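The structures considered in this document are given below.
Consider the two complexes below, in which subunit A is the common component and subunit B and subunit C are the respective partners.
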Partner chain A sequence: MEVFRPSSLYEALEVRAAHPQAIPIAGGTDLMVELNFGRRRPEAILDVSRLPELQVIGREDGRVTLGAGVTYARIIRELADHPALAQAARTVGSPQIRNRGTVGGNLGTASPAGDSLPVLAVYDAEVVAASTAGTRRIPWREFLVGPKRNALAPDELIVAVEWRQPDGPGSFSKVGTRNAMVIAIAGVSLQLDTAARRIRIALGSVGPTILRAPEAEAFGAGILDESGAWADPRAEVPADALGRFGELAAAAARPIDDIRGTAAYRRHACAVLARRALTWALDDRRLAAG
Partner chain B sequence: MAVEARGVGLAGRAGRIGTSAARIDGLPKALGSFAYGSDLWEEGMLYGATVRSPHPSARIRSIDVAPALALPGVRRVLTAADLPARRRYGLEYEDQPVLAEGIVRYAGEPVAVLAADDPEQARAAVAAVRVEYEPLPAVTDMEAALRPDAPAVTEVGNVMRHVRIVHGDPDARADVWVEGYYEVGMQDQAPLGPEAGLAIPAPDGGVDLHVSTQWLHSDRRQIAPCVGLPEEKVRLHCAGVGGAFGAREDVSMHIHACLLALSLGRPVKMVYGREESFFGHVHRHPARIWARTGARRDGTLVSARVRLLLESGAYTSSSSVVLANACTFAAGPYEVPNALIEGTSVYTNNPPTGAMRGFGSVQVCFAHEAQMDKLAAALGMDPLELRLRNAVHTGSVLPTGQTIRGSAPGREVLERCAALPMPPDIPPTDRDRLTLPGGAGNVGRGEHIRRGVGLAFGYKNVAYSYGFDDSCEAAVRLERGIDGPVATIHTAAIEVGQGLHTVLAQIARTELGVDEVVVEQPDTEIGSGGSTSASRQTVMAGGAVATACATVRERLLARVVEALGPDAARGPLRLEDGRVFDGDVPLGGIDHFLDTPVEAREVFHHRPTTPLDERGQGENPHVMFIFGAMRAVVEVDEELGLARVVQLAGVQDVGKALNPRGVEGQIEGGAAQGLGLALLEEIQLRDGRIANASFTDYLLPTILDMPPVVSAVVEDPEPGVPYGAKGVGEGSTIVATAAIAAALRDATGRELNRVPVTPDELAGLAPARTSGGPAPIPDVPGPRAVLDYR
Partner chain C sequence: MLVRLNVNGGWREAEVWPGASLLSMLRDDLGLWGTKNACEQGECGSCSVWLDGELVCSCLVLAAQADGRHVETIESLSHDGVLHPVQEAFLEAGAVQCGFCTPGFEVAVADLLRRDPHPSEETVREALSGNLCRCTGYEKILDAVRLAADRMDQVTP
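Here is the complex of A and B:
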């Protein structure tokens, strides 16, 4: 097996162009598992862990840039003002895995169980991809094209992911049978966009890819309108409406039975988690409003 | 020569029995310098690998090894056609092929083995061996296996053994009956150290095998005939063991590595990977249990009627004895004057099952304790009160007709358990969210949390039973060392991580009055140590070392008397602090009398046991018993069906705690393993194939799943064994699963009659398991294993 170890992004992109079969590796927390199980025997790997360009966390004009090589441990430490993303990072593996695993890995593997992906979905993030020909921004809705498939071209590398800093509370919750170090049976991320009076919700591990729940989003924004909660955080939103929001979110799930959980449980968990997530978001606004 | 893990003695300097002496293997393990079986290395060694069947049931049409042999570095491929001598082996019955002969009976069964220069070449060669299979119908359900039209899994059919225990009048009338059906899934021992060993051909035509195991001499008995050598030419040496829990009682890579090494004249190492390890050892028996329990209005038990099935999988392993244990303990540690217990062990095309910590008592404890809770509810009695009223004690007669002669402080164990402090009940909304059900998943802020409390009581035998009277041999040498007298202990009793070797050193320090003790690595140069299982080594190896030390002491004191003259001694002579005392008068250092070493070799036996007869009765089927009780406090997120155990409070009857911290560790470790079975750990089979052979999907408890354990021991000495000490390894495992299940029922009000309990069941999305009625009684020639009547 050939191992390329470039020390700059430009060098890495040249290797990528010349050897598109070389599998990029950063923390290795996905790829090494595949290797250990003998599921993959790549001819070559491209180590992107030493590229300084991928280690960036930038903030400018309300936009946030998160380098593809930033580890979950750093996200927890440095993006505490993004509770949903920090919570998602905290649910990833063990401390050792969080010290190695990167958000670029989640994007590259594009598994529906990637913990950071539902959050990036509700941030409506853009994925920054680069090749020797230049850089492009891939809108979130175009990035994940199927189970473990993304829109990356063979000569491109994921450099970063960008989004507009959310204005409003958000969260990520993940259900697994075990209390830590578990692959999600269902994951839910919710983000309130107070300025636009919108709610975004995304589901993980309950379909071939990350799923948004547009009906629930519209319904949720509507009940906040009706109750006056957008304008007045102290306004009560009726419990049955929150329950209906959860059910609509669950209706967007397309789960299957597998060894980790049943389809029925996954759908049920989505309903509960979505309802709780909206409830918490309203509680957090109420608390902030004093 | 091998540079690691060979004949290395571990030494410790302080701590007599009754103290929490530091582990002699503790520092090397903490520092990472301890050599495990997977660390073995020998100049010029080759790497072995195994070709396994992907089918649960198939005929092998052909095997073409040529493509594998054509690959670089591949030195040899062996199939059944190449076997030099005996072709089958087994722990109790020789029914397991060394390599599959014409038929495979489970997915994962070894079909060929090979050796190559490096592990990568060996793996490539495994993929290159072409095996043509004709899949056959597979029997993958234990009840289906008992149907008359089921395909026969083995030459003797699908019934492994049927045990029937008839006691008193099983039709006796009771005021209240409760009924239940219970299922236990297939748990794995999941030792962190995978199966590993290194076989080195010797100049005398024999072979030296360094291997991680639980019982060297049993391995050798099985290996020697299969490699065509007399036992004395098959020398086994224990390599560092990374956990066992029963998984290393059976042979895994042992015969394969020896065959490859002998046929090539080169050392061969075999180490299973994590995935292969799930195919490399037997698992805990899945069980289905139908129980009816009858009592008088006042709570006195009248009758226990139990029908149970254990799934043996494709081969026997220790299934015959696991079944006997499940049956003899099926009524629980209670006085039941009337009982009918009928158990069957069944062959299927699922992976073989065998020994695992608790050995049949875990499954039945889950059932008998659920029955006791149902009975308490039916009678309107306190569950603790009901158990105390019926608990056995010294003098009680068990369903086998055996009268308990030794220590049986069950009531005290229960009372102490109930009195252990409860955990603080901080409102869920005020707590660190990591301590809520769902843990790191951030699924709740304390909403919909229900707390439940459950209690379980259980018992089990120590050492082997039913007339299989094993022993342990020990050699002890006392000699002059650089800093004073040194005692060296040699046994074949295996340290699996539980602390046995530290306890043996403590015994030698106590008996010989020395500080420095060296415990040599076990090997077959000495007589059998028996298995490190059945909670037996504290009694057996401990007994052997104590006896050998006593002989060494006698011989040393004889020298003292000889040196000082018969009239010199006024008081009794004794050894302490490295010196010889005459009463309270020091006579000088022990060194002084060690111009030549003093040695002794002794074999320790326990009291004899007797087999079960046609009606499951016997004078003494078991030699002694340990009792355990556990109280579990759990919290359940009732909407999401997620659980977190808040506290486990366990009390164990140990006779005498030789190393209290070691006992505490065993209680905590056993509780963790029981928690795993209650909530997480199950080998999931799909049409006979393991669907979760990894630690990604076979979920072991993490530190966020495992709560603080509060524990205590009851020290009621067992007569006739050194220091009155019983075994300690299994007590908490037996009861933890049942206690947690009871607490989950208390929290949710649901039946939860299967473990591991799933989120679906806790959330009410999946109903309790039902059964079409008890399994039929099979037609068998007698009460022993069907293979005995072949």
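Here is the complex of A and C:
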């Protein structure tokens, strides 16, 4: 086994091109478990934790760039104006895990239980991937191609993820057996786009990959229209409509039974989390309106 | 491969397997047995150390990633046989039973009190959520944190 430790992105991409079998390691919180248990014995490892280009948090013209190497601990500290993402980061593992684990690693592992992923789905983010041949932006709907599979080419590295700064409240919540250190049984992220009068919602841990719930999104935008809540945040949205929104979100889930929970429980959890998420978003707008 | 790192203030080096964790380097190559190996999957916190000042599970850091960096282990807490206030508090509060989880807990508690000298109960529980203890039931550990916080407050006003 060999370890490559480049100190710049370009150097790293050259290693990636010459040694596509070298597995990248960032925080190591997924990969080291596999190494420690002998589940994986890569020929070579490419350490991307020293690349300054991956540490960037940038904001320009309403667009946000989050470097692949940014840890959850930094997201909590530096992206407080992104409540959904910060909330997801807070639910990851423990302080030790949040000090090491990165968004790039979450995207690399591409697990349906990756907690940052439903949030990036509702931000409709783009994944910035680079190789020695250049940089490309992978639209969110093309990035996750299956359980633990993403659209990255063997000679590419994830450099960053980018999105337009959301205009409106958002949240992330998940259900698990305890309040920390859990893989979600179900996770939901919701983002209101006030300018476009749209709602985006995505589900984690309840399908082969992260799922958007388009019917719930359309229905939710509709009930805010009918109740006048887009124009006036103080307008009441009927409780049964919020309940219906939750049910439609749950209908988009494609869960299975496993040791963490049954499919029926997961569907129920989605309905509850989705209803709460929309309720919170409306409360947030009401509070902001005074 | 040769890995060289600063441990508890001094530069140390060892020839390690390239896939080795920082935990195995500390224990097997540098003879620092205070840092414990229990799960090797980030779940228990027994292997907690500081890497460049940040609390991490040393089982999840590749030794090669720590090359050139600063590591502080449980051994850095006491000096010439004088225990750190956190360690004293663990003894006094009865927060140690088999003792296997103790180094990891003490490092995590010391890390918390460095950042937040007066943590709320909720903050303490959250800060220790990555450390497991199979013996104490945690109550005595929480007592020890409160005791340590009070004591350290008196020493450094």
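For this structure, a couple of remarks:
Everything that follows uses one rule, which is that the second predicted complex is superposed on the first by the 290 of 290 C-alpha atoms of A that agree within 3 Å, B and C clash if a C-alpha of one lies under 4 Å from a C-alpha of the other, contacts with A are read in each partner's own complex, and residues count from 1 in each chain.
Convention: contacts are C-beta pairs under 8 Å (C-beta built on N, C-alpha and C of every residue); 3 or more make two chains touch, one makes a residue touch a chain.
From a predicted model like this one, the values you see are computed outputs, not experimental measurements.
When both complexes are overlaid on chain A, the residue A:A235 reaches neither subunit B nor subunit C.
By the touch criterion stated above, A:F37 is placed in contact with subunit B and with subunit C alike. Once chain A of one complex is fitted onto chain A of the other, the partner contacts of A:S49 are limited to subunit C, with no touch recorded for subunit B. Once the two complexes are overlaid on the shared chain, A:I259 sits against subunit B while remaining clear of subunit C. Shared-chain residue A:K174: touches subunit B; no touch with subunit C.
In the superposed model, A:R100 lies in contact with subunit C only, and not with subunit B. Legend: residue contacts after superposition of the two complexes on their common chain; A:I23 is shown touching neither subunit B nor subunit C. Common to the subunit B and subunit C contact sets on subunit A are residues 33, 36-37, 94, 179-181. If you check the complex, the residues on subunit C that touch subunit A are 1, 17-19, 21, 40-43, 45, 48, 54-57, 59-62, 64-65, 67, 108, 111, 126-127, 129-131.
Residue ranges of subunit A in contact with subunit B, taken from their complex: 33, 36-38, 87, 90-91, 94, 171-185, 259-262, 264-265, 268-269, 272-273, 276, 280.
Contact residues of subunit B toward subunit A in the complex are 123, 273-275, 437-445, 447, 639-642, 644, 679-680, 684, 686, 691-692, 694, 696-697, 699, 701-705, 758-760, 763, 765-766.
Of all the residues in subunit A, the ones that touch subunit C in their complex are 1-3, 5, 25, 27-29, 32-33, 35-37, 41-42, 45, 47, 49, 73, 93-97, 99-100, 179-181.
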